[in-house]
Amino acid sequence: MQPDYAAILQTIYAEVQPLLPQGKVASYIPELSKVSAQHFGMAVYCLDGSAYKIGDSQQKFSLQSVTKLFALALAFSREGDAIWERVGREPSGNPFNSLVQLEYERGKPRNPFINAGALVIADILSARFVQSDIAVQQFARIISGEPSIDFDIAVAQSERQTAHRNYAIAHLMKDFGNLHNPVKTVIDSYCRQCSLTMTCTELAMAGSFLANHGSVPWSGQQILDASSSKRLNALMLTCGTYDAAGDFAYRVGLPAKSGVGGGILALVPGELAVAVWSPGLDATGNSLAGTYALERFTTLTARSIF
Amino acid sequence: MQPDYAAILQTIYAEVQPLLPQGKVASYIPELSKVSAQHFGMAVYCLDGSAYKIGDSQQKFSLQSVTKLFALALAFSREGDAIWERVGREPSGNPFNSLVQLEYERGKPRNPFINAGALVIADILSARFVQSDIAVQQFARIISGEPSIDFDIAVAQSERQTAHRNYAIAHLMKDFGNLHNPVKTVIDSYCRQCSLTMTCTELAMAGSFLANHGSVPWSGQQILDASSSKRLNALMLTCGTYDAAGDFAYRVGLPAKSGVGGGILALVPGELAVAVWSPGLDATGNSLAGTYALERFTTLTARSIF
Amino acid sequence: MQPDYAAILQTIYAEVQPLLPQGKVASYIPELSKVSAQHFGMAVYCLDGSAYKIGDSQQKFSLQSVTKLFALALAFSREGDAIWERVGREPSGNPFNSLVQLEYERGKPRNPFINAGALVIADILSARFVQSDIAVQQFARIISGEPSIDFDIAVAQSERQTAHRNYAIAHLMKDFGNLHNPVKTVIDSYCRQCSLTMTCTELAMAGSFLANHGSVPWSGQQILDASSSKRLNALMLTCGTYDAAGDFAYRVGLPAKSGVGGGILALVPGELAVAVWSPGLDATGNSLAGTYALERFTTLTARSIF
Amino acid sequence: MQPDYAAILQTIYAEVQPLLPQGKVASYIPELSKVSAQHFGMAVYCLDGSAYKIGDSQQKFSLQSVTKLFALALAFSREGDAIWERVGREPSGNPFNSLVQLEYERGKPRNPFINAGALVIADILSARFVQSDIAVQQFARIISGEPSIDFDIAVAQSERQTAHRNYAIAHLMKDFGNLHNPVKTVIDSYCRQCSLTMTCTELAMAGSFLANHGSVPWSGQQILDASSSKRLNALMLTCGTYDAAGDFAYRVGLPAKSGVGGGILALVPGELAVAVWSPGLDATGNSLAGTYALERFTTLTARSIF
C-alpha cells in the first residue's frame, strides 16, 4: 500500500521549521551566501507518475555538487567502465576538497563525487563534447523533461573567482598526468556545470531514471542499462554526501547526492525519487533540514533499501 | 518468483574454480596461513526457512573480522546509540589497521569494523560482561541456533603473538582516553573473539536476523528492533569490507561483512542471508572468489538493494 | 678575549625573571607537574676548567629527553654507524611523539631524539648491556665526573604509568620488526633512563666532551673520536629541540638538546658547554626561559657556530 | 694555519671521478636534462681574497633552488622579521614539493627553501619591486660582483611549461590567503629567478657575504647585519638541502644551499665560501658528487662549524 505522501510531506514541513535557523548557508561562494536559510522545499516523484510537493518546491536553487551525479551518469553512459581507470569508487574519509589524499594516491581521485573526481569527469566529457558544461545541461534537460534548465551565470562567475583550491587540485592532477585538457578549460566548464539550477520538482523528476533501472519513467528513454543504474545508486550511497556518507546511510538509508546549495536528491529504487532543498548546511556540508527531512521521510514511509 | 537458488549455486561453483589459485591466504596470523586457498563453500538461508548450499559449506573456518559484526550487534542491542560517542560511523578511506587516521581524529575510530573500532566495542562489552569474548560466543550461538559454536584456541594464540599493531592501536586509544579496560584484557578478548569458527551454513543462519528486521527467523527472538537492524545493514554497506566498501557496493550491491579468514556474510533484506568462504584474499583483504561469487549471485538472482 | 661570563649570567638572570610565569610545566607525567615554574638555573663549563653559575644551578632536575643525547652517544661509541640502519638522521617535521610519520616510514624513526628513535637506541643498548638504563646511568657518571648521578624512581614510575603513547610507538616498531627486545623491557628501561637527574653544573660538565672533540676535558678520556663528536653536534642542531629545531638554530645558533623537565644543554664547540634549567615550557615543549637565556647568551658573548 | 686548498681541490677532483656516472641529472625540467652528468667543478673564495678552483669551475650552470637563498637574503634585508609571519623556519620532513604539509599547516610553508616558501618570498618581493626576478638578478650581480649574471630563458620557459605542481602549491596558498599577487605573475617570476646561471667561481663569490657577517668582502657593502647573516646561516643548515638537511649536516657540517641544477654553495663562517657543481643528483635531489666533495673538503681542511 502506498503511503499518504501528501500528509507525510505536511508533517515533515511542520517538523523542520525549528531547524531552519540552525543551518549555515555556504559562504565560500559569495553569490551563494545571498540565499536565506529559511527556505525549505520538498518534492516526491513516484514512478507511477504521481507527484507531491510542499514549501518552496517551485523555487530554483543552485544544484552545485548534485550536478556531479548528472555529469557522472552522462560520462558513464558514454564511456562505461573505462572511467574507473581515472577515478576510484571508494569513500574518501577526508573533507571533500582535500589535496592530501590526492597526493598520496598520485593524482587518482577517490571517487567522482569529490571535487577532484568531478574535475576528472569534466575532463573526460571535454574530450567527447565541444563543451562539457553544455553537455551536462542538455543531459539535465533530457532527464528532467524540462527544456528550460539553465546556468546561473552570476554563481558560475562567483565560483570561478574563488576557485583557487579547485585550481590547486586540477594542477596537481595535471602534474600526475590525470587531466588531459587545459586546467582553465576544465575549471570554467566545471564552475558553469555547478551553477545549474532546478526546483525540487524538477530535481525529483531528473533523478527518477536512477530509481527506474536507468529509464526515464515518462518517456521510456533508456539512459543507462539497469546494471549501470544500480551501480550508480551504490556509489551515491557510499560516496554521495561528502564525508558524512556513513552517517547519512545510517540515518536515512537511501542513495543520495547533496550539494552545498542545500539540495539533496534521494532515491527509493523501484518506487520514487525525492528532492529536498534548504540552504542551511550542517558541519559536513549537507543541508541540515534536508537531511532531517529525508530521515523522517524514510521513517514515516517505512521506505529504506535496508 | 523465487530464483532457482540450487542451480545458481552450482553455476557459481563452476565459475569460481579458475579463480581459487589467484587468491592469497592471509599470512600475518601464522595459524591462518595453514589453510588451503582451494576451498570454496557457499550457503543461502532464506527467511522462509529454505536453505541451499554447495562446496565446502560444512567446513568450519575462522570468522575473524566477521565477528566484529556480532560484537557490534550485541553492544548496540545493549547500549544503543551511546556507542557512537566512542566510535564513528564513517568509512575509513585507509587500510583497515592504519594508525594515521586514528591519531588525527584523536583516538575515536572511524567505525566499528576497523580494528580500532572493534577494540572499542570489545572494551564496551568488557564493561558489561565478565568476558567480552564469551559474551560474543554466547550471542553467536543464539543467532545461529547452533550451541556448539566455539573458539579456535590455536588461532587465538597465534593472533595474540603477532598482535603488535593491535597493541599499538589500543595503547594509542588508551592515551586518548578511549579505552577503559587494561590493554591486555581487551586484546586477549578480541583475539579470542576473532578466532570463533563457523561453517557457511551456520554463518548464513547467524546473519539472517539482520535480513529479518532484527528478529531470528526460526525463533522469533527479537535481537534488535527493526530500525536498529536496518542501521547495522547501512553500516555494513558503507564500512563492512575494509577499504573496498565502495567497490564492493558497486559490484555486489548488498550489505556485507568480510573477514581475513576468507568468509563473507551478505544480506538481501527481507529475503535471505548468504555466506561464502574461500580463503584466498584479494589485495584489499577480502575473499577473492567469495567477492566474485556474491557479485554473480546478485546478477543471477537479480537481487540487489539498489 | 674571553667574555665576562659571570656578569653575563647575572644580566640574563635578571632578564628572565618576568618570563618565568609565562611557561607551562609539563603535566603529562604527573610527577613532573609538581615542580614550580619559578625555578631558573644556569651553568657554564669552559674547556679550560673555569666554571660559572647562577640561580638554581645546584638543584637537581629531571633530565628527561636530555638523556636521549647520552644514550645516543653511548650507543654510537659502541656500535658506530651501524645504528643508522635502524634510525634516521633527519628532522621530523612533526610533534615529537607522532605515530603518523613512523607508520609512513615503516617503523624507522626519523632521528634518535624523537621518542621512537630513543626507544630504538634503548633497544640497541639492551642488546649489549644487561640493563640499558643502568648503562646510561654509568655513562652519565663518567662524562659528568659525578658518581652520584641517579634515577628519580617516583618520576620513572609516574612516566611508566602514563606511557601509553610510547607503548603504541614501541608496538608499532615491533610490528615493523625494528624492536628486538620485549616492548615492556624497552619501555621500562627508557622510563628509568629519562628519570635521571642532574644539576645545571653537572649537566654542563656532562656535555663538555661534545664541545671538546669527544674527550672529557678534565680526564682526557676519549668518549668519541673527534669526527663522531662533531657529527653528534650536527644532529643536535638539526634535531635536538623537538619540532622547533629550525627556530632554535635561528634564534640561538648552537647545537643543543632539551627535555620536558625544562633543561637544555648547549655547546660552543671548542670552548664551552652551557646548561640551563627552567621548568616552564613553551608550546614546542622547550623551556621558555631557558631558550631565551641561551639566545641572550649567544648575543652577549658573541658566540655562535655561524 | 691555512690549509693547502689547491692541493685539496686536486685530491677531491681525483676522488669524485668514479662517482660522476652514479648521479642522475634532473629530468622534470626537460631543458635541464640535456646537461651531461660528467661535469664537475669546484671553487673556493676565501675572505682574504685568495681563490682556488678546479674542473669545470668556469662553466655556467642553472642555479635553480640556490636562487632561493638570494631571494630570501634580499627579502630579509628589506622586510626583516616580518617575513616570518608568512613563512616558517622549520625543516619540512617531507619531499620539497609536498602539498600535504602545506594543507595541514593551512597555507604557511615550513621554510623559505621549499618551493612553497620560495613562492611566498617571490610574492613578497613582487610587492616591493616591479619584477621580483629582475630584483633577484640585480641582487645576484651585486653580491657576486659580476654584472653579466643573467637568466637562461630556455630553462625558464621549460620550467614554466612543467610547473603544474608549483601552480597547485600557489593556488592552495592563494586559497589560504597567503599569496597576494596573481598566481601566474608569481610563478613566472619564480621560474625566471630559478633560471639564473653562474659559474662555481661566481657562486663562491656571491655567497661570501654570508661567511663575512653579511658584508661583501671586496667592497665592504653591508648586505645584512651580522646577526641576520648568522641567522640565514642557521636556516641553511637546518633547511638548505631539501629533505636531506639532517644527513647533510651530519656528513658535511656546513651551512649550505643546493639546487637541482647540481650546484651547492657552502660556507665556513668567518673564513670562506665554497661552491661545487656536478649535475648528477642523488635520491634526495642534491648533487651526488657535490655532496661527497664537500664532505671530503671539511675532512681534509678540518673545517666544520661543529
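Each chain carries a letter (A, B, C and D) given by its place in the written order, and its residues are counted from 1.
The definition used in the following text is that contacts are C-beta pairs under 8 Å (C-beta built on N, C-alpha and C of every residue); 3 or more make two chains touch, one makes a residue touch a chain.
Chain-to-protein mapping (UniProt): A, B, C, D = Glutaminase.
Note that the coordinates shown come from a computational prediction; the quantities given were computed from them, not determined experimentally.
Enquirer: Using mean Cα positions as chain centres, tell me which chain lies farthest from subunit D.
Expert: B
Enquirer: Per the centroid of Cα atoms for each chain, what is the distance between subunit B and subunit D, given in Å?
Expert: Inter-chain centre distance comes to 56 Å.
Enquirer: Can you work out the whole-Å distance between the CA centroids of subunit B and subunit C?
Expert: Roughly 48 Å separates the two chain centres.
Enquirer: Going by the touch rule set out above, which residues of subunit C reach two or more other chains?
Expert: In subunit C, no residue touches two or more other chains.
Enquirer: Chain contact topology under the given definition, line, ring, star, complete or other?
Expert: If you draw each chain as a dot and join those that touch, you get a single closed ring.
Enquirer: Which of the chains are touching one another, listed as pairs?
Expert: Pairwise, the chains that meet the contact rule are A-B, A-D, B-C, C-D.
Enquirer: Per the contact definition, I'd like the list of subunit C residues that touch subunit D in the complex.
Expert: Answer in residue numbers: 88-94, 101, 110-111, 227, 230-231, 233-235, 237-239, 243-247, 249-251, 253, 255, 269, 299, 304-306.
Enquirer: Quick one: which bits of subunit D touch subunit A in the complex? Just the residue numbers, please.
Expert: Against subunit A, the touching part of subunit D is residues 98-100, 103-104, 164-165, 167-172, 174-175, 183.
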